[in-house]
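Each of the next two complexes has chain A plus one more chain, namely chain B in the first and chain C in the second.
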Partner chain A sequence: MTRDLINLLFFPAGLGLIAAGLLYQWVDRKLLARFQNRLGPRWFQPFADALKLLGKEEIHPAGSSAFLFAALPVLALAGALTAALYVPLFGLAPVFSFPGDLIVTLYLMSLLTLCIGLAGAQTRDRFSLAGALRVFTQMFAYEAPFILALLSPAVALMLAGQPSSWQIGELVLSAAGQPWFLLTLPITFVVALVGLMGKLELPPFDAPEAETEIVAGALTEYSGRGLALFSLARAVELVVGLTLVTALYLGGIGAGPLAAVLFTAKTIGLLLIVVVLQTLLARLRIDQTVNLWWRLGSVLVLAQWLLLLIFRVLR
Partner chain B sequence: MNAPATERFVVPIGPQHPALKEPGHFEFTVEGETVVDATVRLGYAHRGIEKGAEGRNWTQTLYLIERICGICSHIHSTAYAVGVEQLAEVEVPARAQAIREIICELERVHSHLLWLGVAAHDAGFDTLFMYTWRDRETVMDILETMSGNRVHYSANVLGGVKFDLTDESAVAILKGVEFLEERTHHYRKVVSEDAFFLQRTRGVGTMTHAEALALGVVGPTARASGVARDVRLDAPYVAYADFPARIQLLTAGDLEARFLARLDELLDSFRLIRVLVAGLPAGELTAKRMPRKLKPGEVISRVEAPRGELFYYIRSTGGEQPDRVKVRTPTLCNMGSVITQTIGHNLADVPMILVGIDPCFSCNDRAVTVRRAGDDNGRAWAWADLRRYGIDYYRRIRN
Partner chain C sequence: MDTITTQSPPRWRTMLDRLRNWSLANSPWLVHYNSGSCNGCDIEILATLTPRYDLERLGVKLQGSPRHADVLVCTGPVTRQSADRLRRIYDQMPEPKFVVAVGACSISGGAFRGCYNILGGVDEVIPVDVYVPGCAPRPEAIIHGVAVLLKKLQPDRAEEIDRLLVEAGAVVGEEEGIDEPNAELLGAR
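Up next is the complex of A and B:
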């Protein structure tokens, strides 16, 4: 009981996770800045930003539901924090686990996007509305390939006749006994990583919050606490997403304290790749994002699955 | 929520908007993400400079004029100085003219690099933005070495220039230009080869040769559509007759062509700067005598600013002060093309198309009185009336 509470509130989920999310966000910002020939923020900047925003007055825009306006950020953060319970944070075994939690986690991760979209759609601001439209459009673009890509390791194990499961805890344990899925399923790995960038609205998929077009997109009307909660939810989602991709594609989780360090190092490594992509690529227009995902992303995932089936038949 | 899918709504951009570095107001009517109608309203940064010029003497006005634009300050003062010198019938020494041209070209380099960064930022390509602005510091440093100032170089005086090209600054120029040339080749490659960036520029905002002629666009915007229009060649001023620029013409007319036109112009500016530094004529820096009072007369002075043709009309009634200075900046000529090109495009392309003409709002803004036919009561506002109106207005809104 006490152990559960500590797990939930402090580590690995809860406050520890939020702190880790903000640190990851700092790594992202700092590296991006260095790659762009800037100095970048000091390590505590994301913490300071979050604290400052939490303490600021929240201005509720006229014409939107006050309840939804306040509830959506809370729901978004709750969704992200709940999703974190089922993934092996920092290479430790998931806090909770039940059969089929892989699917539930993927849906919980989408809650953030959904909340951001709804938050934009329910205010009357035109930039928010345009942003919300883009959030939903982008979600429909990357969501299917992203989910399929994260399900691929389980499917591959199943087809290979190995012990497989829709339960993340078991899945990552059996993945640890296999060669890295990064090597055997390279295509879906790329789709999963790039899909994560789409989910987090990082460049080049930052059309939903393109400041030169629609100011801050769906969150234009948000200030103070709501904005802080949304940004915390994004930070948590960054960790959850990186953890999930690492656990599934980079050799699952091992045992012992060193395994946890190694696992965390792997997530930072993935973050580095994400930052490099952010540096190199220019923003895609929303129609180009949709094209990319449906013409290329989905086809790639299906091609990978087809390859799996062919191997299965030949064997 | 129950609105039909085809409902149009108006997206206002400005006067305050992150895409605009200066105030302007645009209203884009969109269906979904497609722009179907566009209007523009300018004039938010009207500063009364033309009127201010009438209250200063010829020399003081030069410094006022230089402050019209914070990017192309030298070209404004050059246009004014060339016009005034023509009115005064003063012969400016060849060395002074050549130094003016060097600074004109350095300013073009600084302006185009600045523009490249802003345009990259609007396309969501912040890495290019940061790198171009870092490299732009090189040319700012050169200008500081030459003049002591980064923005308002204050190089011109009526009848010549204020400072000479020292050996030290010549070395700095050649070194800086070599570095920038290498970087510009790199940026040209990025702009013409980066697949993600090309998706945002190739075939976007295309303006045909005929449209460009009909809209009367100027500068690199026109040259990207194949209109051979460059005041440096059409009506050479300062030393452009002896040290001619080469026109950079492209035919595609889309955003990519506008990027390439400016980058090609940069490369030509580097060539021209080298030629100028190597072949700088010897001689004085200023004319022997510049009269304080000018003979009555009027003059039109045209120069090629980084954004296109800059037009000055100057009239003297024989006093120490100009009777009228009229400035028309290239942004005004190009603004019409933004309105026509955005229609039919995605809303996401609008900032790119707008930045494609390299708009400079505050240089462009003038006070305009629109009189409808029929309700013209024939009342002209004198200076005293305007002043009284202003005092009353602020008293009214304060209460």
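Up next is the complex of A and C:
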């Protein structure tokens, strides 16, 4: 009971997770700045940003529902924090687990995007509306390939006749006994990683919050606490997404503290790749994003699954 | 923010206030509005935000939405047309908020003072916290203006901020030195 509470509130989920998310965000911003030949922010920058936003006035814009305006940020953060309970954070066993939690986690991760979209759609500001439209369009673009890519390791294990499961805790244990799925399923790994960037609205998929076109996208009207909760939810989602991709594609989780350190190092390595991609690629227009995912992303995933089936038949 | 209290506030209250001031001073997000400037100051502000000076290392970020911003950076004199817009942007910002007026025109109207379509400086419309003189002020002057604002927020860290400015190559404490020749000049007249 006490152990559950500590797990839930402090470590690995809860406050510890939020702090880790803010640190990951700092790594992201610092590396991006270094790649752009700048010095970059100090290590406590995301903490100062979040604290400042929490301490500011929250303006409720006229014409939107007061209840939804206050509830959506809370729901977004709750969704991200709940999704974190089922993934092996920092290489430790998931806090909670039940059969089928892989699917539930993927849907919980979408809750943040849904909440941001709804938050934009229910204010009367034109920039919020344009941003919300783009959030939903982008979601329908990357969501299917992303989910299929994250389900691929389980399907591959099933087709190979190995012990497989829709339960993340069991799946990552059996993945630990296999060669890295990064090597055996390289195509879906790339789709999963790039899909994660789409989910987090990182460049080149930052059309929903394109500053030069639509101010701040769906969150234009948010100030103070609402904005702080959304940015915390983004930070948590960054950790959860990196953890999930690492656990499924980079060798699952091992036992002991050293394995946990190694796992965390792997997530930072993935973050490095994500930052390099952010630096290299310019923002895509929303129609280019949709084209990329439906013409290329989903076809690539299906090709990988076809390859799996062919190997299965030949064997 | 200023409240009149008859007794000193409880300890947790001062602690929270210090924490809030610390986070405000370490993460000032800007929104930039040009109420009739010739664009000279705007270009200097953009130069201040480029990698050459990299204000993100101090937590400064340029935001698009006034709802996300803490500091309104104004340039240029206020024209009669833009006065309403300037006031509306100021009203859209959440408390606590600060205004920095950059350039001679935003202080007094500058070269445009007395024109039929000019109201005057920014402080004709909204309260201003820091004035940065110059036509156009160099990026160093704008950074110094922001540092003055930060010193106002955290008076007990003023010396540290001064030291950081000196390390960055600024000459601090010359305000008195500037005043003296002016006094002599006036006396001579």
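The working rule: the second predicted complex is superposed on the first by the 315 of 315 C-alpha atoms of A that agree within 3 Å, B and C clash if a C-alpha of one lies under 4 Å from a C-alpha of the other, contacts with A are read in each partner's own complex, and residues count from 1 in each chain.
As a working rule, contacts are C-beta pairs under 8 Å (C-beta built on N, C-alpha and C of every residue); 3 or more make two chains touch, one makes a residue touch a chain.
All values derive from a computational prediction rather than experimental measurement.
Novice: I'd like to know which partner A:I286 touches here: chain B for first, chain C for second, both or neither.
Specialist: First partner only.
Novice: Return first, second, both or neither, reflecting whether A:S223 touches chain B, chain C, both chains, or no partner chain.
Specialist: It touches chain C, and chain B stays clear.
Novice: Pick one for A:N37: touches chain B only (first), chain C only (second), both, or neither.
Specialist: A:N37 contacts both chain B and chain C.
Novice: Once the structures are superposed on A, label A:R312 by its partner contacts, choosing first (chain B), second (chain C), both or neither.
Specialist: In the superposition, A:R312 touches no partner, neither chain B nor chain C.
Novice: Is A:A130 touching anything from chain B or chain C once the two structures are fitted on A? First, second, both or neither.
Specialist: Touch status of A:A130: first partner only.
Novice: Identify the partner contact of A:R295: answer first if only chain B is touched, second if only chain C is, both if each is, neither if none is.
Specialist: neither
Novice: Does chain B (first) or chain C (second) touch A:E57, or do both, or does neither?
Specialist: second
Novice: Check the residue A:A207 against both partner chains and state whether it touches chain B (first), chain C (second), both, or neither.
Specialist: A:A207: touches chain B, not chain C.
Novice: Could you tell me if A:V215 is touching chain B, chain C, both of them or neither one (first, second, both, neither)?
Specialist: In the superposed model, A:V215 contacts both chain B and chain C.
Novice: Please identify the positions on chain A that touch both chain B and chain C, taking each partner from its own complex.
Specialist: 36-38, 127, 211, 215
Novice: Show me the residue ranges of chain A that touch chain B in the complex, using the header's touch definition.
Specialist: The contact residues of chain A facing chain B are 35-38, 126-127, 130, 133, 203-204, 206-207, 210-215, 279-288.
Novice: Under the definition above, what is the set of chain A residues touching chain C in their complex?
Specialist: 29, 33, 36-42, 44-45, 47-49, 51-52, 55-59, 127, 211, 215-216, 219-224, 227
Novice: Touching chain A in the complex: which residues of chain B?
Specialist: Going through chain B, the ones touching chain A are 9-12, 17-19, 33, 120-128, 130-131, 134, 194, 196-197, 199-200, 346-351.
Novice: Could you pull out which chain C residues touch chain A in their complex?
Specialist: 19-20, 22-24, 26-27, 51, 54, 56-57, 59, 63-65, 67-68, 70, 92-96
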